[in-house]
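After the structure tokens below, expect a handful of questions from me.
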Amino acid sequence: MLAKAAPFLARRALIGVLTAGLLAGSALASTAGAETLTVWWNKGFYPAEDEAFDQVVAEWEKATGNKVNLSYYSTGDIPAKIISAITTGQVPDIAYADLNDFAIVPQQAWKGALEDVSDVVKPVENKFTPTALKGANLYNDQEKKRSYYAVPLKQQALHNFIWKPMIEEAGYSEKDIPLDNWDKYWAFFGDAQKKLRAKRQRVFALGFPMSTVDSDNYYTFNQLALAYGARFVKPDGTLNLDDPKAKEGAIKAITFLTQAYADGLVPQGAINWGDPDNNAAFFSKQIIMTSNASVSIPVSKSDDEKTYHEIITQPQPTGPDGQPVSSLVAVKIAVIPKGAPQVKLAKDFLSFLIEPERLDSYLRAARGRWLPVMPELIKSDPFWTDPTNPHIPVAVKQELEGPTEPWPFVYNPAYSQVNAEQVWGKAIGDVITNGLTPEKATEKAFARIREIFAQYQIAQN
Amino acid sequence: MAKATSERAPPLTRSDTGRQPRKLAPEHLWGVVFVLPYIAIFLLFVVYPVGYGLWLGADWTKLQALFADPLYYRTAVNTLILLLVGVNLKMFIALLLSGYLLQPYKWMPFVFMLIVLPWAMPAIPTFISVRWMLNGQWGLINNFIWTFWEIEGPGWLTSPSLAMGSVVTFYLWKWVPFWTVIFVAGRTAIPKELYEAAAIDGARGLQMFRFVTFPMMASLYLICTVLSMIWTLGDYNTVRFITGGGPVLSTHVLATLGIRDAFEVGDPGLGMAAVISALPLLVPLVAFLVWKMNKEHVQL
Amino acid sequence: MSAAETAPAHAVGKGGIGAHLAALLIALLLLFWTLLPIYNMILVALEPGDSVFSGALWPETFSLENFRIVFTQDHWYLKHFWLQMLNSLIVGLAAAFFTVLIGSMASFSIQRLRLRYGTLLSNTALLSYAIPLSFLAIPFYNILHNYGLLDNLWALIIVAVTFATPYAIFIFSQYSASIPIELDEAARIDGASVPQIYFKLYMPLMRPALVAVGTYALLLAWNEYLYAFLLLSSETTVTVPVALGYFLSSDDSPWNILMAAALIYSIPPLVIYYAMRRHMTTGLTVGSVKG
């Protein structure tokens, strides 16, 4: 009898263990919900960024006695996490992704999937830049109104980064870069490429991301289009494609990029570049310059004094029309998804995070990759204007003294969809791989943009 | 191996005895008990998510949006290329290789051991390595070309057709070894006596293959091909890590398009619609597989 | 080796030196082709610090520094590398164990106990092949949250078991056809209970198939990326592929360290595969060759 029962008992014990394991898992998860704040955060590009945020979390835990369940996800993975969470309703209390503003938050605000965080933003409204406030003041189609559905934390714009040793090897110095003339500026790098090629170096002049993945490519395109005078969306959220300048600017920007590519000034691989790839190509000195949003390129080398000073950071050159080019500023925002178990705590945490001094020390500890969205921080903290620093003050001047303007998606989430679908990346690719003319590619992109906007009609009142 | 071969001496009468009504009560009860864990898994982790997925994706407007996207047709063609060209080429090469690897040279086991490496190594780092190797600027291949001729090599990942070719090539690199192993096993399971008998009948060389190997392997080959098509349809890693769908979204397959639509475009319903659009292809394949396997089962 | 021993008659030793040379040439080409991407991994892993893109075709300066960094977890992305290896190992072994257990129980019930509707059930199991793995990511995310299993290694184990079990049932059913049912009947006449037959008779005879399927499940779980990053979150619960994924969105691009980590990560499945390789070949196909 016993011998017969033994295997059965063994199996039952096994199933018991399995069930216990499952139950333990769920018990853990449910007790965790009681007084713990679940935070999903974009993993930084270098350790100091994460350490800076860890610091804020530790301070908040100490100040309130609550616990934070903090998870970092890589830039590539976190949009999938946030979208799965919102789709299934199984959301964290706070979600921050570098791509939030570009491709996620405006649409989710439109769908009514985010908590209104006016409680957090309103009390300190006067401290933010107007661009930052626009970036957080989003339209909710369920309630047919605009409100603060996101908390602005930090910002970025597109800067140009150049290797000093490379242009010196080509026989120039930093002062020779003609920052005041659009055409000469870009021709300068082509010339440097020619000189270096003559020395049998396999290098390229311009590291423009031109792919259909990630965000650097659409940042580059939209900034160029703006330099050529194209504005695709009006501040009231309606399309501006009938403005001849919009079409002309788009065509010129596409022509500019694809011509540089065809002329062999941009590496072939650039049509596959994800966000880290132009950085990698730059660091390996295959490209003389690259355009990149935020100052992560030099800042990630701040431990390496020599390299840090070999990189030149520059704003956009004077525009084709001889006027200063307005910089597209992207405001990085955190959100509380609807259905978050700890809305009150989440708001408390975000308010804590944006207390000016704390926000300043957070951004400074992150070494200035992201710039403050509160002008007073620039004035009160010499870190941002330190004249001995070759990068941060340049970026601060470009992003906070202007001229700047927000991305079109703050006016209408449809443009965030345009980014997510990579409409412009496809247009550029159509010219390069499918032989379309820039005019045709632009018309095709316009047609798609019209279709997308048709799904996002903002009530005008 | 020899042992297993003799073990499976087919009890030809079993399909007759198998249908006897011999379901005694305790045995029947045990039958239910033993199958319960699988049924639990099936209900909790297959039926529920599939139902939920269908509910998410069975949205006519999403399907319409999907079909209106020119990218979808490109993706469908790529998927078919991988399924028809990739899988069949893979199976054919594996069949040839399995014959080659059974040649009785002393060094052959060593070759066999190394040849399975691509399959035995984790997919993601090896595909990342392939991606770098093919990179136009700093990849091993174009570096080689630059070192010797000082010209830029082909854009393995930047021209749409070369990129799709690269996907198929390294899909073969990764998966030929697995199916070669299967076919080697299949070939070794063919009773030697059959070859001896054929030899007595005067068959040689290719005739051996035509009259012995091929008929014996035909079912295995067919089943493996269909199974592989089904698996390949869900293969996300190959395209994701070799080309990332680029250039200009020209190398996506349904598995990667579904994930792109769901997470990059931010429309999970559209992503599920991409999955559902594969059903007309998938259902017949699976039905055929189930039918074929049952038929084999009855014959065993 | 056994492959050579059991080689079909038609392949045995015809042709002289010429055929041998041709075979060797083919071997060389095959090895070149097979090893090229792996050589590239090793090449990158041996590059010191900044010269990932140096363009060298062979390592000019041979450095094991990257392996040291991985071993001592001396990099930001690798702070928990060994813990993540352990996670991968736990998930792999548990997936193998439960796949084999549940699959063998089910196929035992269907094949040996002739469960009513057993064929229907195994067909249904086969149907779940039809679900490409990557397609159920979002539904899985939802249900595993409902079950409270997110960021828990069980989540990944369940995924691997769910997707490996239909295959297990198929292989086991095919394989068990080679074990005469008369053995069961004889045992029953001797008074053996059903569990005794399962544990003492069925399982030992099924060993090659069990090992093959177990290895298959282990490799499946070991390689899983999509579900791993979706279902697991903290750096201390993720498996190695997710941690390797961190490298891909880094500005720093320490890709040589990534490749060193990837090579170390490749070793366990290689060892397991080579240890089990005999069983792999017999277990996977023996039932499906028409005899």
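Every chain is named by a letter (A, B and C) in the order it is written, and numbering of its residues begins at 1.
Keep this in mind: a contact is a pair of C-beta atoms (placed from the backbone, for glycine too) under 8 Å apart; a residue touches a chain by one contact, two chains touch by 3 or more.
Because the structure is predicted, anything quoted here is derived from the model rather than measured.
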{"item": "Pairwise touch network: line, ring, star, complete, or other", "value": "complete"}
{"item": "Which of B-C and A-C has more C-beta contact pairs", "value": "B-C"}
{"item": "Chain centre separation in whole Å, for chain B relative to chain A (CA means)", "value": "38"}
{"item": "Rounded Å distance, chain A centre to chain C centre (Cα mean)", "value": "37"}
{"item": "Separation of chain B from chain C, taking each centre as the mean of its C-alpha atoms, in whole Å", "value": "14"}
{"item": "Set of chain C residues in contact with two or more other chains", "value": "52-53, 55, 101, 137-138, 142, 147, 195, 198, 245, 248, 255"}
{"item": "Junction residues of chain A - those touching two or more other chains", "value": "80, 84, 87, 202, 274, 284, 286"}
{"item": "Where chain B touches two or more other chains at once, by residue number", "value": "37, 56, 137-138, 146, 259, 262, 268"}
{"item": "Interface residues, chain A side, partner chain C - complex", "value": "3-4, 7-8, 11, 14, 18, 21-22, 25-30, 40, 43, 45-47, 71-77, 80-81, 84-85, 87-90, 202, 274-276, 279-280, 283-284, 286, 296-297, 300"}
{"item": "In the complex, chain B residues that touch chain A", "value": "37, 56, 135-138, 146, 150, 152, 155, 157-160, 243-250, 259, 262-266, 268"}
{"item": "Interface residues, chain C side, partner chain B - complex", "value": "1-13, 20, 23-24, 26-27, 30-31, 33-38, 40-41, 43-44, 52-53, 55-57, 101-103, 105-106, 108-110, 113-116, 118-119, 121, 123-140, 142-143, 147, 158-159, 161-162, 165, 169-170, 173-175, 177-182, 194-195, 198, 205, 208, 219, 222-223, 225-226, 241, 244-245, 248, 255, 258-259, 262-263, 265-266, 269-270, 273-274, 277-278, 280-282, 284-291"}
{"item": "Chain C residues touching chain A - in the complex, by the definition given at the top", "value": "50, 52-53, 55, 76, 98, 101, 137-138, 141-142, 145-152, 154, 193, 195-196, 198-199, 229-230, 233-235, 242, 245-246, 248-253, 255"}
{"item": "Complex interface listing, chain A residues touching chain B", "value": "15, 79-80, 83-84, 87, 103-104, 107, 200, 202, 204, 211-213, 267-269, 271-272, 274, 281, 284, 286, 417, 420-422, 425-426, 429-430, 432-434"}
